[in-house]
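Accompanying notes for the structure given below.
The first chain written gets the first letter, and so on, giving A, B, C, D, E and F; residue counts start at 1 in each chain.
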């Protein structure tokens, strides 16, 4: 360990995934004083219809705001 | 929080996902007395070959039942 | 399925857990039109030092607000 | 329960998934002395750009080794 | 990978945990033809009030059955 | 999102948890160019008997090495 599962919305580039995985590994190993080799990262992507805040997707929320609600 | 991860078989429509996310958000906020804005829902879909009960997929189980086992 | 993992802060009563599990099961089975018997719910509790928004716990955030930051 | 989530790299065949699910179900039910019917397995697949050890994917690591680093 | 998270009810002995982890590691490495060294297992325990089938805990269900419901 | 679940062995201090959560939030928001307010971190702790590599806990592995295996 540590084993880190990162839930993200679909759409990030391979380059962004590489960058965030390297940055998080560095952050974890430095702040927990453990070897980078012990840090594993899993990225799990979710489509735009698979993430909800207050029961709404981002686009549902934007549509409501447009209707002035 | 609460943060809720819902594992479901692939195949639900966008409309069903919207409906279940709204219904679960309402159920959680009312029963835990917390604001809907604090409730996040992640849907993680699994293919039919990625969910097993007693070591069998739904179609493996159906095939066995057809063979009378 | 569906299998639902609910991440919540420690401190809810048994009665609240019973109530939210029953309400979420009803919400899921009605909105996805599946039998309640297929719905499994796992509650995973986290201590107050195990949940962060913008890198801060609830109490860290409250302390900053008190200092007018 | 037990409910088991298996994170794996994309690319296994359906036959391999069937085999590992049956083998793990048997291993769990025998070692925990519980009925196979109580054992549920979820397989979550990750693309090659979604799994990192020491901040690197398998192919990034191979490229570095080729460069003699 | 594979990384395997096993959700189980509290109450298993250390010996049972050792036994199931060894058995699942063997089952996975043999059926997926991967080295045991690549197999990581996380056990996450849940209290009896943290696992629900059809909205009920095991003891709620037993109580209902006693009342003949 | 992103929502990040960090699995760690029990035993880290509150200060270490604060430090790693702040560092990971910074790493994620900078590398994915998203606001820190959108980054949520869940820490899930596991006891020493709940994490296995190649079917062994850290202490089982150390015991085997002592016996020269």
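The working rule: a contact is a pair of C-beta atoms (placed from the backbone, for glycine too) under 8 Å apart; a residue touches a chain by one contact, two chains touch by 3 or more.
A quick note: this is a predicted structure, and the numbers were derived from the prediction, not measured.
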{"item": "Interface sides of chain B and chain C: same vs different residues, half threshold", "value": "same"}
{"item": "Averaged-CA centre spacing for the pair chain E and chain D, given as whole angstrom", "value": "16"}
{"item": "Chain C-chain E separation of Cα centroids, rounded to whole Å", "value": "21"}
{"item": "Touching two or more other chains - residue numbers and ranges from chain B", "value": "3, 5, 7, 22, 24, 26, 40, 42, 44, 46, 51"}
{"item": "Inter-chain touch pairs (all)", "value": "A-B, A-D, A-E, A-F, B-C, B-D, B-F, C-D, C-E, C-F, D-E, E-F"}
{"item": "In the complex, chain D residues that touch chain A", "value": "7, 44, 46, 49-57, 60"}
{"item": "Contact footprint of chain C on chain F as seen in their complex", "value": "5, 14, 17-18, 21-22, 24-26, 35-37, 39-45"}
{"item": "Residues of chain C defined as touching chain B within the complex", "value": "1-9, 12, 16, 19-20, 22-24, 26-28, 30-32, 46, 51"}
{"item": "Chain C residues within the chain D interface of the complex", "value": "3, 40, 42"}
